[in-house]
Amino acid sequence: MTTEAPPYTASELLAVASARLLRDGETVFAGVGIPLLAASLAQRLDAPGLTILFEGGTIGAFVVPGQLPPSTNEQRCTRRANMVLSSTDVLLLLQRGYVDVGFMGGAQIDQYGNLNSSFIGDPDRPTTRLPGTGGGNDIASLSRMIVAMKHEKRRFVEKVDFVTSPGFLDGGGSRHAAGLPRGGMFRVVTDLGIFGFDDKSKRMTLLALQPGVDVTGVQDNTGFAVQVAPDLSQAPPPSERELAVLRNFDPDRLYTA
Amino acid sequence: MTTEAPPYTASELLAVASARLLRDGETVFAGVGIPLLAASLAQRLDAPGLTILFEGGTIGAFVVPGQLPPSTNEQRCTRRANMVLSSTDVLLLLQRGYVDVGFMGGAQIDQYGNLNSSFIGDPDRPTTRLPGTGGGNDIASLSRMIVAMKHEKRRFVEKVDFVTSPGFLDGGGSRHAAGLPRGGMFRVVTDLGIFGFDDKSKRMTLLALQPGVDVTGVQDNTGFAVQVAPDLSQAPPPSERELAVLRNFDPDRLYTA
Amino acid sequence: MTLSYEELCRRTAARDRSLREKVMSLEEAAALVPDGASLGIGGSTLSRTPMALVWALIRARKRDLVCARGISSSEGELLFAAGASRHLITSWFSQGIVWGVSRIMRAYTESGRARFEEWSHMAMGMRFRAGAMGVPFLPMRSMMGSGLAPRLPDIREIECPFTGDKLLLVPALNPDVALIHVQRCDAYGNAQLDGLQFMDLDLAMAANRVILSTERIVSNDQIRRMPDQTKIPFIAVDAVVEAPYGAAPHECYGVYEPLFRHLDGYAALLRKDPEKGAAEYLERYFYEPKSWTEYLERIGLEELLDAARRGRSIYDD
Amino acid sequence: MTLSYEELCRRTAARDRSLREKVMSLEEAAALVPDGASLGIGGSTLSRTPMALVWALIRARKRDLVCARGISSSEGELLFAAGASRHLITSWFSQGIVWGVSRIMRAYTESGRARFEEWSHMAMGMRFRAGAMGVPFLPMRSMMGSGLAPRLPDIREIECPFTGDKLLLVPALNPDVALIHVQRCDAYGNAQLDGLQFMDLDLAMAANRVILSTERIVSNDQIRRMPDQTKIPFIAVDAVVEAPYGAAPHECYGVYEPLFRHLDGYAALLRKDPEKGAAEYLERYFYEPKSWTEYLERIGLEELLDAARRGRSIYDD
């Protein structure tokens, strides 16, 4: 793993790399932070027709650069949006099948893409009580998921302390058997690599390395044995254009510190 | 039964007599025709604070005299109303317990107050297919009911051909047992009399006679044995004031022909 | 009309839900509706009936449409009389109380030529809402004990697992196509409705395809100035047709009231001989006109102006 | 909070739902909330939080309030810190992502002094909606397979009687009292909300009593000019309190944005020592001020003006 400091922060790398995964014409349900930023970035780059949904109750949002909301529940999420509706009804769009991609961050993830944002340690006697699911569980249960998060050993564990938002649960067909016939983890984007999930085992698989990172670097920062795709590729670094648009969105580094 | 023609039509008598049953401050869910007219009349007489709901999606309506709607689903129902909402949501107010009185007409009624507005004759081979329930079944299932209808032998039968809107079903506790713990028939207002229902048997009981009508006249026009209340009273005729306000509402005799 | 959840979601995923222009003619919109399709019809009784779209479907000689609407009026009579539908799912069906019991409805249902499947009005609302929510059923507390429930397919009475209450479960209704008329929408299908909404918002989200007719098409900029006034989102809309007076002879809230004289004439024509009268009406107003504008010309400008004056008066002091 | 259907309807019937004036002070409104009551709190995160009402409840030294909200922020931290509540039912709880994990939430929940009952955001919505519809539950398709469901009381997984799908049934939530802040309503409680609605409409219809705070009280005539803009009907409202900046330091859509500097100061105060910091904040802003106006004065006019400028800008071209 290289030591020279790249001309962008880890958060900026996450935002740019995940923005590239969003396609024009898709409908994405985006959480606050990197997901909101990356979706807005994609909209200004190669996916002008990307439909962004926010949990607070927004369809077809266009966030104004430099006016990022503190959550997805404030008026900044709705300025010049196509529609404002109730939180319950926008979440129901996930259940009705209107959402192509769910996009959120995570505190802790395991090899099957299960996310924990509720408890570190024993849920009945947690060492840390986290803020909880919000709409995360609904998004992860009902759509194809992209997760963007910093890559640290304590965050990438073999088994999460608690399943707040379901990935593939115990792998194989366990997600479907639990009553979740749709969606599931699609990609996990970190500052070290981009991961997919094995069709059969549903285990997390390294698809691409971020600039200046090697497989050992990924394994050293991962709490389970990293599966590597046969056609492992190299993710291109953020371009000047991508970074310029991104920084214009978040000049105060609200999300990209 | 007297033969001299009274200075009002049967429909006018129904409207006035039933309007008198509505109390200030109550919430009434009114159907089109006599109920809409009677509720509006009560609002202009002794119940200015009567809250009128319409199936089309209106709360706190104030119908404009001379501008009666063709049903409870047109804009005339909403002029200067307090709130306009979806049909589904206004009907749900019945289920949520917000409605004091349901108020509608009927084609055929039986001794337990069951209403038929669907089929005359065998439902599978009806001699007459009627327009159906609309919200009638919902209103009758979920509120205390007032029914206003013309009194004819073929309309007042021992058992309706079909239960479109439930009264007390087979009497006694059968309504509750069917899954309808609330509401039930309260009053039936006709051009011959005003009827209540026996606390135990739930049979229709004659409480008051309309002007110029005697018990024989009621029995002759009723298809089942008429129970008479021990304290049978005489309903006062429509007053000049009542008729004046009423005719001002329906100058074209749209509902009161 | 009950689809498996996987199939429902597959159909939704297959639709192009992107922000794209989808303006077309009445004829092009009608071509999106196959024979035998299940239709959800917006509005209620004489309000915001998508008459121009119904007109286009009847002119296109559609057959075996299974139609669902909260309350049905003359559009239902004409769908029966034209042979476009033999099955109507609704809570009430006649032109309107002031014109008495529909003789066309009676002629077709009593002879068994067509079916009038009767649900309570709230049950229709629960069925569309379940469809919009992506759940197979919703629980409710009416229709029990009456004669309605036993005659209906796909309905369950349960004891509530929480309270032990008796409840009725009604199945989701996800029509193949919804026809909805609105006051205004943009070229993408973002619709802003004024006044009475009836069941149209749930219907739009329940349907597998939505065709909007609109009094006028406005810019996306205008829609986006008041996003909280958008009631149907573009992602749910597949076609937009501009049709002024698109609900005539019924009303469009705040734009025009019902065309009462025309409706009285229609009723009188059908009172004489329902089937001959309906055939005559269809010939004159549905088949002969070369365009929707000619249909409106035959109704007559004086009626249109009078209805518009009354319609706009809802906003007068 | 689960009542029998008969009891739910009895409580509703017992309320005076007539068209009557119900304007009162914050203190009078707070007196309507008994210790131990279950509360539904309107708005979400930093939006349309009924802060003036929460302020009044804390000043009145309420105890054992069981609070439910879609997403909870600093109002929840202060309800815990003031000892007014030891049980919060919500989907997410911290001041806001930009300020990190709530140290007050951690201090109270990790020590077992208070309970954070976690449901998914959609589940909170389904529970309020079931309460508003007068049904004991609604079905949904999330939370299954996760760790959330097993930790929750009163939840059922069923096989759908129509499709065989696995479904989760979540119970109705009918709070004793709902606190909702709106942009405007009349003296009877007809409320017109702009912009984001969150779960407030369902919450209002679900609750057994509704207390509205409003930026301003308008005439019933004004409300009735646009009845389709009324989102909460007077029949559901028991008290109306006029409280300008009634959501501060949170936002009120179109009127003012969050007071970020004040919120940063609050966060900094709690970061040092959560419990001492919260106590200090409560003393300074909740207990010492003689009135809501003095609370606002202590926040500072400059902040208020800046937030209002940003708030109204949502309508700028």
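Note that the chains take the letters A, B, C and D in the order they are written out, and that residue 1 is the start of every chain.
The criterion applied here is as follows: contacts are C-beta pairs under 8 Å (C-beta built on N, C-alpha and C of every residue); 3 or more make two chains touch, one makes a residue touch a chain.
Since the model is a prediction, treat every value here as computed from it, not as a measurement.
When the interfaces B-D and A-D are ranked by C-beta pairs in contact, the top one is A-D.
We define each chain's centre as the mean of its Cα atoms; on that basis subunit B and subunit D are separated by 41 Å. Measuring from the averaged C-alpha position of subunit C to that of subunit D gives a distance of 37 Å. Centroids built from CA atoms put subunit B at 59 Å from subunit A. Rounded to a whole number, the gap between the C-alpha centres of subunit A and subunit D is 29 angstrom. Along subunit A, residues 58, 78, 84-85, 92, 95, 181 each make contact with two or more other chains. Residue positions 5, 134-135, 140-141, 165, 167, 195-197, 225, 228 of subunit D each touch two or more of the other chains. Working note: touching chain pairs come out as A-C, A-D, B-C, B-D, C-D. For subunit B in complex with subunit C, the touching residues are 32-33, 55-58, 70-71, 73-79, 84-88, 91-92, 94-95, 118, 123, 126-138, 141-142, 162-166, 169, 174-175, 178-181, 254-255. Across the complex, subunit C meets subunit B through its residues 44-47, 70-71, 90-94, 96-98, 101-102, 105-106, 109-110, 116, 118, 120-123, 125-126, 128-129, 140-148, 151, 157, 165-168, 195-199, 201-202, 251, 253-254, 257-258, 260, 311, 314. Note for the complex: subunit C touches subunit D at residues 2, 4-5, 134-141, 154, 156, 158, 160-163, 165, 167, 169, 171, 194-197, 225, 228, 315. Listing the residues of subunit C that touch subunit A in their complex gives 5-6, 8-10, 12-13, 16-20, 132-135, 188, 190, 205, 220, 223-225, 227-228, 230, 233-236. Within the complex formed with subunit D, the subunit B residues making contact are 24-27, 49, 51, 58-60, 78, 80-85, 92-93, 95-98, 100, 181-182.
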